[in-house]
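Chain IDs A, B and C follow the sequence of writing; residue 1 opens each chain.
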Amino acid sequence: MEISRDAYRAIEDIVGPEFVTDDPALLDSYAFQYLAELIRPEHSHFMPRPWAVVMPRTTKEVQAVTRLANKYKIKIKPISTGWYHWAAPLKDNEPTLQLDLRRMNRILDFDEKNRFAVVEPYVICAQLQAEVMKHGLNINITGAGSSCSIVASACAYFGAGPSSFSMGNNSDNLLGQEWVTPAGEIVRTGSVSSGAGWFCSEGPGPSVRGITRGYLGSRGGLGTYTKCAIKLADWPGPASLEVKGRPPGYRLPVPENFRVYTIGAPDWDSFAECYYGIYDNTLGYIFHRQFNLAGADLATALWLTYIDPTKTLNDVETAAADPEIKAINEKARISFQLILAAHSSDGIELQDKILDEILTATGCYKVERYCDKDMAEFTNMYLQRMGHKHCNFIWAGGYMGSWMQAGKPDWVKTYVPTAIETFKNDQDSGLLVQCGGDALMGCGSTLAGGGYYGFEQFVSYDPADIKSVKACVKHMEDAVVTCREKGIPYGKEYLYLQVAWPDEAVWNALARAPQTFVFDFQRKIKEAFDPNGLGDRNYPWLPEGWGKSAASAQKE
Amino acid sequence: MSIEDFRADAMRCSRCAYCKWMPLDLMKSWRFSKGCPSIEYGNFHSYSAGGRLITALSLMDGRSTVTDKVRDTVFMCNMCGSCDVSCKICRYDMEPLQAMRELRVKLVEEGHLPAALAKCVESLKTNHNMLGAPKERRGDWAKTLGIKDLSREKAKVVFHAGCRYSFDGEQSGVARTAVAILKKAGVDFGIFGATESCCGGRSYGMGLNDPVKHCAETNLAKWHAAGVETVVTPCADCYYAFKRLYPQVAGSQIKVLHMVELVEQLVRDGQLKLTKPVTMKVTYHDPCHLGRQGEDYVPWNGKEKKIFGQAVCYDPPRPRYNGAFGVYEAPRSLLQSIPGVELVEMERNREAAWCCGAGGGAREAYPKFSQWTAGERIEEAEATGADALVSACPWCEKNFSDSVRHGGHKLKVFDILQLVEQAL
Amino acid sequence: MVANITELTTIIAEDRFLDDPPLLKSFAQDASLVAPLRPRYVTRPETVEQVQALVQWAMRTKTPLVPVSSKGPHRYGDTVPSVAEAVIVDLTGMNAIKRIDRRNRIAVIEPGVTYAELIPALAGEGLKISHPLQPRANKSVVASLLERQPTLIPRLNYSLPEPLRNCGVVWGTGEVAFTGEAGNGPLSLDEQWTRGQSQLAAWGPNATDLMRLVTGAQGTMGIVVWASVKLDLLPVVRKVFTIAAADIAQVTDCVYKLTKVGLGDEVFVLNRARLSQMVEAQAGRRAALAAALPEWTLVVGLSGAALLPQQRLAVQEKELRALAQEFSLTVGEGYPGVSRTDLTAMLDGFCRPDERAHQDIFFLSTLDKVAGHVASVQSVALRYGYPVADMEIYVQPQHQGVSHHVEFRLPYDAADARQAAMMEVVYHTASDKLIEEGAYFSRPYGYWSELVYGRDRNSAEILRTVKGILDPENILNPGKLCF
């Protein structure tokens, strides 16, 4: 399918001919997306191909291209650093312009005293963190890692990470933002809309951000976010990360006012009690269950191999059979990482004492080998910069995160055994990486201050092996069925699978939601801000007349 | 190998885009955070390693064809390997740099070699150099130096000047300096002078297989005939060709040393004394082929195997080549042993170094891109406050010198041997 | 047209529709400069179903509803009807504390629950809520949070609406739907609790943040019938410190650093008139006390809860003293006439009934601009003859110190026509000047709504669109904000 020459010429006039292409091979580099093979016909790695890729440089250019898209009735799909299959066009044969925002890559403002930075969509977390650390500040790096766009996590997608326990979710760190609606209007929200600067996200009066900055955001389904201001957090560490060692396991020395621990628990009840202890005592600059992404059976073998630059995955097999490593692994089986930070030696010593009391009271413990200098420095590096996040893919190149239902700790621990059992059973085929049923990973909290989190099951599969791909899909379906049977809300896998569904199937699913009010609201918002339907289902809605009654009819 | 052998790499690409950045852990600023010159200049995803893997998959699956734009995305790249380092931070099952080269091979085989590169290859065939210079002039730089001619004599060490130092009058002084140092250190060595032949390494990077094989066989034969056990070169490209490619394409077992390794060893052993102060603040640029691509060759002819059901590894274990063990410390140690030299690091150094822009045929085929790449590095060097940018590769120096000249920069550009010479 | 209430009386008893003149008059005017207008009825629903029926009836009959959750005196004109024949929906009777979950530190309350009711109930469970500075004892917690009143502990103010998390809302469409995490579950709190849900996460449901649309809305989008609020542990040890300054700029960097590192619980700045007003019960003694106080006081409350509370307090105190020293400031524990007990009472107490009328000018800004704002308001006061020494100023860091609530309280004699006229001019002129210099009137009551939305037509247009969706008949507090 081709974009009309008139439309193409007009886009060239807006952004310059070198910043638009409709070359099929170049378009394919946007159609190829993470997770596509799980949901596309014949397990193709390609999502539908956009009809052109456009690279605007300014908000005005985004606006002009959007208006043009309205004129020619072409869908728009912005992408910053993003991956996921929903970052590509969702439907075949639907004219779509992919807006690649990588030229919008500037840090526009940094206000040290008032602790915020204004950034464009292609500024990544690592860049901003490096800049603000020079001034004793930090940012909450999203769980997707420091290669990801700040604007995406703050405005358009999920924004929690290991530091959210202390620094908050980026949806709460969002201050002013700039949004080009699908209709082509430039909207600024919060204080910036009043011309008062970027420091506040709310108001005037009700907060306009509320129409898109929900749980997941609009994920490119309702216009383009072109700027945002992000609240910065305190950084009690050095002005620059003085990284040591060779790749891949770089190490970050632990300053005297920091502690880096891996905490083990004898069982999930103790884990929850320990969590509540940490939560009540407001400990934790970073709180995350990271290393278990490799699976509880193999995690120690993998990470001790990884930090040795002379070794490869082959060595994990040997390590996994080593009785000493097996023993460490058992200690770390139910574990998480905790980084403490303070501004004084008294402060850090007190935190240590409090942590020790919590551990004594709950039967939890520090996993010694993980707290040794090498692993502690590696842990510090991993979690402070989040530059190893794509170890998610380390086993076989494919990772799909299932489960991830968030809630209070007492509730999360109730679904953990089910998540483990379901995954373990699906590994028996040998078509998924057999790393143990517990490959549950997650932030200590997705909310600032703690008390709320979820575990994502790291399902590793080989995207180059269709049997493995199918096994992953089967696991997704098994997880959905298990959740349905056990009365557990659906996890991430359900959202992933929906990408392939026809509209009616998605609407049927939405109509069965306990409350459908929001989907009607979103339809009306879409009608108001996207009259020509340029956005996609990533900003979901229910057509008029669906909803409760339709849902009942469907069930019958 | 062929691009088909990298189909799985393409399918396993997570599209994380690490390949576009320097290793994230090492990032120190917004300004100098990028790793890949190609994506920074070309912008579309296809200009990244991940994008090229997708292009390969798309072409292999018949979803698209090679257009001029596609050719540009494949060849407008320095093949510097920054992507390879960053990708392998999290992956053991990806070889993006190798895959990108095999994609070039495919395009070359299908007749899409850019014209400027075709000229270089033709020159290699006819004049045994990549510069289009008459082969007779190759030994001119050494004519008056009285060096042993290994086409007639024998020595255990051959000094291989390489094309740039042999033909570029502005640069050949470095070759003369190198031999002066070798002489001063009492090394028994010789050269091939006019009969020296190109290493062929650059043609390999351009996506050709045969020329480097031919060069390897020719050079190895000459070296063996002259009793050579060690080849020493001041050129990082040659070093890479001899060290990494010759064993691969021609089974070479000859010892390979870059001049910095040799000189640093001589200084450390006390055979060379650096006594004269060289009062200068310098920053060192790691040439890609000496640094992250300068790791030892490890023969491997294995196949993929799976452990734990689906975890991908190799039987026997596959060499890693992730830049962990490149030649980084020898040049730094050498610079620090020069009295008066203050060494300051650029933000992107060692395995994270930004490329000079001369590699992969970019200098020849995409000169604007090549010069832009160099200009970025000049700015990074200037940001350190250094007086001079020092490297250990004539291609880097050439690109940097051109950029300094065109950009009106005050920064001086030196080969590391020029500073050693001043200190002797 | 007089609204016909008979069809409602099967749901809400007729005697809960009140129209006795003194009552109507009490809702016709508040302490603000907003023009008075009597409502037609005051109704006092007791259940969600009644509120829903009321809204549906109002939709049918096009009757304006003005939700009110606090008992008076009201201050900002938001509960004064802007259109005739409105019905006041008095929610003060819906005052159940439905749940206090100590373990997860969350409470669910109805809109009529006041701070005076909630604070001791929480204390009984070992919990506390970060609340505004000396709220009215009868102030609705829910209304206070919905209107984004500033709270005292910036460290816990992770976002401006904190500690508000989820709401149950009867929308202007007549539908009931929950906001946030609760919006994903069944439309019944009991059922959600049975399933282990806690109404903790504020975002959502789905791509929308419905809570953000009812906050700052002055009841124009929906009627909130319950809300969940985030709690913290009740300290077992506490100390309150004062840092004196002749000029607010002297403590600015100290406040920045305190909020940056998250040291302290309560952190705010008062001028001498405000401090004196808050700690001195005897009106006649306040002027003398104020004169003896430093021009500005930074108040810092420290506390210890959970494990090792005494040691926590000791470490914090040491860190506070070191931090103050960085800025050449001295940490004290009050002043002559302002004891430690006075300070603690100030943090925990409720405001006294107003002895004088006052107009409040408040907005959000960044701390570096506050000294300029103070100078501006003082210059306006001087120009129109308002006594600058009477001006009470309160600066409250919000959102962990990224934004600051700045409040000028201007007491005056409302019965004196000359003073009343002067106050109107000062109020309007100062507001005009402040907005020109970047003050952000994020809660645009009364006169400010014209100022704010007149300059920000984009927001106004979008909010009208949203209002058109959530309150299609424009029955909820019409005439407020940009509606």
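In this section, a residue touches a chain if its C-beta (ideal position, glycine included) is under 8 Å from a C-beta of that chain, and two chains touch if they have at least 3 such contacts.
Only a predicted model underlies this, so the values are computations on that prediction, with no experimental measurement involved.
K.L.:
Line, ring, star, complete or other: which describes how these chains touch one another?
P.N.:
Graph shape here is a line: each chain touches the next, no loop.
K.L.:
With chain centres set to the mean of the C-alpha atoms, which chain is at the far end from chain B?
P.N.:
Farthest from chain B by mean C-alpha position: C.
K.L.:
Just give me the whole-number Å value for how far the CA centre of chain A lies from that of chain C.
P.N.:
34
K.L.:
Nearest whole angstrom, what separates the Cα centre of chain A from the Cα centre of chain B?
P.N.:
About 37 Å, centre to centre.
K.L.:
Quick one: chain B and chain C, Cα centre-to-centre, how many Å?
P.N.:
65
K.L.:
Two or more other chains touching the same residue: where does that happen in chain A?
P.N.:
There are none in chain A.
K.L.:
Spell out the residues on chain B that touch chain A in their complex, using ranges where they run on.
P.N.:
7-8, 10-18, 21, 23-30, 33, 43-46, 50-51, 54-55, 57-59, 63-67, 69-70, 73, 85, 88-94, 306-314, 316-318, 320, 322-325, 351
K.L.:
Touching chain C in the complex: which residues of chain A?
P.N.:
111, 113-116, 136-137, 168-169, 171-172, 175, 185, 187-189, 191, 193-197, 199-219, 221-222, 231, 234, 236, 276-277, 280-282, 343-344, 346-347, 350, 353-354, 357-358, 406-408, 410-411, 414, 446-449, 451-452, 487, 489, 513-515, 517-519, 521-522, 524-525, 528-529, 538-540
K.L.:
Looking at the complex, which residues from chain A come into contact with chain B?
P.N.:
19, 21, 23-26, 28-30, 32-34, 37, 45-46, 53, 55, 81, 83, 100, 102-103, 107, 123-124, 126-128, 130-131, 145-147, 240-241, 243, 246-248, 250, 252, 298, 309, 312-317, 320, 381, 385-399, 427, 429-435, 460-465, 468
K.L.:
Of all residues in chain C, which touch chain A in the complex?
P.N.:
Those residues of chain C that touch chain A are 103-106, 148, 156, 158-161, 171, 175, 177-178, 183-187, 195-198, 200-218, 220-221, 230, 233, 256, 260-263, 305-308, 311-312, 315, 318-319, 322, 364-368, 399-403, 435, 438-444, 449, 452-453, 455-456, 458-459, 462-463, 465-466, 469-470, 481-482.
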